[in-house]
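One structure is given below, represented as structure tokens, and several questions about it will come after.
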Amino acid sequence: MTFPTPLTGVVPPVCTPLTPDREVDVPSLLRLVDHLVEGGVHGLFVLGSSSEAAYLTDRQRRLVVEAVAGHVAGRLPVLAGVIDMTTPRVLDHVRAVTAAGADAVVATAPFYARTHRAEIARHYRLIAAGSPVPVIAYDIPVSVHTKLPADVILDLAAEGALAGLKDSSGDLAGFREVVTGARGRPDVRGFSVLTGSELVVDAALAIGADGAVPGLANVDPHGYVRLDRLCRSGDWEGARSEQERLCALFGLVTVGDPERMGGGSSALGAFKAALHLRGIIDCPATAEPQVPLAPEEVERVGKYLALAGLL
Amino acid sequence: MTFPTPLTGVVPPVCTPLTPDREVDVPSLLRLVDHLVEGGVHGLFVLGSSSEAAYLTDRQRRLVVEAVAGHVAGRLPVLAGVIDMTTPRVLDHVRAVTAAGADAVVATAPFYARTHRAEIARHYRLIAAGSPVPVIAYDIPVSVHTKLPADVILDLAAEGALAGLKDSSGDLAGFREVVTGARGRPDVRGFSVLTGSELVVDAALAIGADGAVPGLANVDPHGYVRLDRLCRSGDWEGARSEQERLCALFGLVTVGDPERMGGGSSALGAFKAALHLRGIIDCPATAEPQVPLAPEEVERVGKYLALAGLL
Amino acid sequence: MTFPTPLTGVVPPVCTPLTPDREVDVPSLLRLVDHLVEGGVHGLFVLGSSSEAAYLTDRQRRLVVEAVAGHVAGRLPVLAGVIDMTTPRVLDHVRAVTAAGADAVVATAPFYARTHRAEIARHYRLIAAGSPVPVIAYDIPVSVHTKLPADVILDLAAEGALAGLKDSSGDLAGFREVVTGARGRPDVRGFSVLTGSELVVDAALAIGADGAVPGLANVDPHGYVRLDRLCRSGDWEGARSEQERLCALFGLVTVGDPERMGGGSSALGAFKAALHLRGIIDCPATAEPQVPLAPEEVERVGKYLALAGLL
Amino acid sequence: MTFPTPLTGVVPPVCTPLTPDREVDVPSLLRLVDHLVEGGVHGLFVLGSSSEAAYLTDRQRRLVVEAVAGHVAGRLPVLAGVIDMTTPRVLDHVRAVTAAGADAVVATAPFYARTHRAEIARHYRLIAAGSPVPVIAYDIPVSVHTKLPADVILDLAAEGALAGLKDSSGDLAGFREVVTGARGRPDVRGFSVLTGSELVVDAALAIGADGAVPGLANVDPHGYVRLDRLCRSGDWEGARSEQERLCALFGLVTVGDPERMGGGSSALGAFKAALHLRGIIDCPATAEPQVPLAPEEVERVGKYLALAGLL
């Protein structure tokens, strides 16, 4: 499909259901896609961090994009992560995911390698030059240990190298600088500024963001679509109330015992446990080497769902 | 070849020469290997950080291992990095590099994904279970943003999951804990403890390390081999003097202007410029998106070489 | 005066004007206080980070509190920072600033010393036990390198150990957790949740914050008071517009050359240069070892003021 | 006394014994000093991090220096920490500790305030200008969150602003740069380079350090003095063996339960518990808000002492 300029609304980073032996569970994946589309989302982001892209092999990544792009068949835009360490490796992923049907690619700053603002700009320029589809920058310091500078992003937007930003930095003031810059600079047009937050989507939209990419929208797409609509209609009181309900639900990411596992195992395990409890996916397994939730931790996920009216 | 237990001596992380259009320059790579072998090194580590592994595509990585392993033909052990984000992706690299002839694999902790000590242990156990050759842990917090805990390493050594450690953490006290533990624990046998430092190899060997994996040994293998011999013979005064000469030479990594490029571009650019100036490789290009050294910066590399008696 | 429960509105961290030889310039300080009071602010926070509390000697700190509390004479609440490394030293400051007339004290987590959530809780309980006035927690990870956990804050609020929070962490999602918790927990009453941000005050108030403590309010108190009123009246469009004007003005903190000085020298130097250019203080000097702005940097401050309609 | 140029040997950071109600226990402090002097140490460093300087009030700090300097009466040099956030506050401490008899002062980089290399240099120049005794730089990134750059230290040494460095950074390669620079630069004379490590004193002395400032020397001064002598005599094998005994003893810093307390509470609590168990101080209390060791944790300290032959 033609990529919207700018992309707006709710674009969930789609979880990747796995079988018990850690293969991509395509039927569950497509059920999840249907659940999201039926929930009213405005786009799909596969192979993001919440999709466990970092854990999927190249073969599995390709399979995910082919399955989802084929199934969606142009009904809404499919963005695909091309998460890898540096430009040459990212370009390999760009080739693979666009051949598989992605409508846009989403790329982080270089990681593992130490990096520099000049190298980040060079990285995105080369990706843009090598990509047949729009490129979205993915700002996720917790994973890549670099914050994308607002002025670099805006310059790349003005050049046409970037079509948007997904900001998972948690820094709303920095995010605002991009939002305001993208609106205020005459040389920046159709640039999409998306928050990766689950918890301050109302605030992000209030300051002018185009949309949101919340991992929790896997579990409750209807809630985030409702929140998006309330914001767009200017009902800030209603938006805040919906957002607070979603914040309470987000507490499920903390169910995992920090003595036994990391925050990632807990959060991704809880998302998948919730999808499993809601009957959307067949198996809640997460990829290796993540530690699985214990039965009593899964039970606590169920309580969060019940409190949010989702069970 | 049979992997030595433990591996000892100087094992340079072999630079990956590139052509001007960023393809692997195999003839230059083999000349570099000959230069290192002739310098007396005890093993070769391809696809490490100094090899720009983070910048090489899977195809290029395979090509490097095939070329080097084929050329070396069992004369000395070839270790290959399997640097990637998580277990499933690392296991794909294990299959590729061992098929291409690697005698051991070198794996970091998970990165990009947030991680936890239980997940790190699980990661290495799964890699060991899937690898036909010995597994060496690579501790490089500057890249993966996690420090490998000494007790986790020693437990994995005792289980036989790990055959060694390459420590590029810069933390000599933590390194000593592994060295002393590996020697003191009766359940740990043949475990190889290697420092990744260029600058305190004498100190590392003095406290009991088995060897060193210094990037600068690409430029001056004879120096590091001499240093290793002086240490083994107990000539600590001579060792210190040789080490200080190498420390002065290492200053070449700072030639790049920090306004214009990151520390990685400067260091890897300087190693390659030095190899080019010494006539060993045909082209000093580094992989994208690294920023190339300017001519006057290359000139300063030459001065470092001259001062060290290498030009 | 009786401390309001909760404290609401705009509470600027008052800059500390210095003479050219770095003594507290009391007449300038009182003119600044008058400027803020006349601007309509709802409280004053002396000895905060923007007050250069970290640079003032104990004698100077006492002088500041005495001068401001005496001058204000109960017209509005005066909060005083008690910024020091650990509990015993903070308690000494509590004694000094309350003797000098402070209506509340503002304390950070321990710093310099490594710390732990149990030690943070113990720290605040001991300060509360030793303070004759309400205690406000100051969350400023950029300075103390610890983030105050939301649940610890809320438990201390429920116990009555804390009367409020000033959050300068930049983490709006974490801030929201305290705001929502403080409103939702029946055991927490009259707790004041204040943002330390200059840039997202509209968003903070929209999600339920009680007020703001923006350093930039020294320069433009009228702007922040206007912003606060627009938010309280539900005019979010107007609030956003006023906030964006203030965001543009905040650009003045970047005038200092990063080659020559740190971000603190630049920001505090710019605040004081602005106050000097506006004729409110006699001398723009900052405390040692901060690097002074160059004349052309001060000129750029003037341009920011002119664009914001303040010159 | 005349301060030695350079200062060499073992200079313990002297613990500050407290009474059960957290007052300085002067009789215990003087017994500890006698224990250290009898152990053969070459100087005393009061008000360092291991002295809990961050937790002592100004009155307590003065009392410590007066008591120790008076008791030592010139038999060996007494260095005093002047640990505070910025130059003006540090200068107040310089006045206090030199009036109380300190032979040298030990100052960190600015902290709490964000800082910059130019500001660090300015800080030390101003301290040197205001101090009647030699100034030693204290590099402790774990506390101040800045690493002192080697070139800045060496330039300040050449100017005469600094008389030495205590390096608690854990970065032996950076330490070596200062050691080699201080010996190699003709403009640097009598500069004392001291390691703050407990665990690699042998390595530090082997690369040319002048001495060590190990917190653990409170517990076992004889061991560190022996280690220093073995190194100076070139008996590196004997030195390594003594160092490894001390490394094993140092394990006592880990006795505290990380669920219940931070690493500082555990380490300082263990040092004091060891001094108490050895009969040197009357009470093992640490300053607030540190969490005390539990009885079974103290018991484990005893086991470490027994294994090291100290009970």
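Order of writing sets the labels: A, B, C and D. Residues in every chain begin at 1.
Basically, contacts are C-beta pairs under 8 Å (C-beta built on N, C-alpha and C of every residue); 3 or more make two chains touch, one makes a residue touch a chain.
Since the model is a prediction, treat every value here as computed from it, not as a measurement.
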{"item": "Interface sides of chain A and chain B: same vs different residues, half threshold", "value": "same"}
{"item": "Distance-maximising chain from chain B - centres being C-alpha averages", "value": "C"}
{"item": "Euclidean distance of C-alpha centroids - chain A vs chain D, Å", "value": "49"}
{"item": "Centre-of-Cα separation between chain D and chain C, whole angstrom", "value": "35"}
{"item": "Contacts with 2+ other chains: residues of chain C", "value": "none"}
{"item": "Category of the chain touch graph - line, ring, star, complete, other", "value": "ring"}
{"item": "Contacting chain pairs - touch in the sense defined above", "value": "A-B, A-C, B-D, C-D"}
{"item": "Partner chain A, residues of chain C touching it in the complex", "value": "170-173, 176-177, 180, 197-200, 202-203, 206-208, 234, 236, 240, 244, 247"}
{"item": "Residues on chain D engaged by chain C in the complex (per definition of touch)", "value": "22, 54-58, 60, 83, 85-89, 92, 110-116, 118-120, 122-123, 126, 142-145, 260-265, 287-291"}
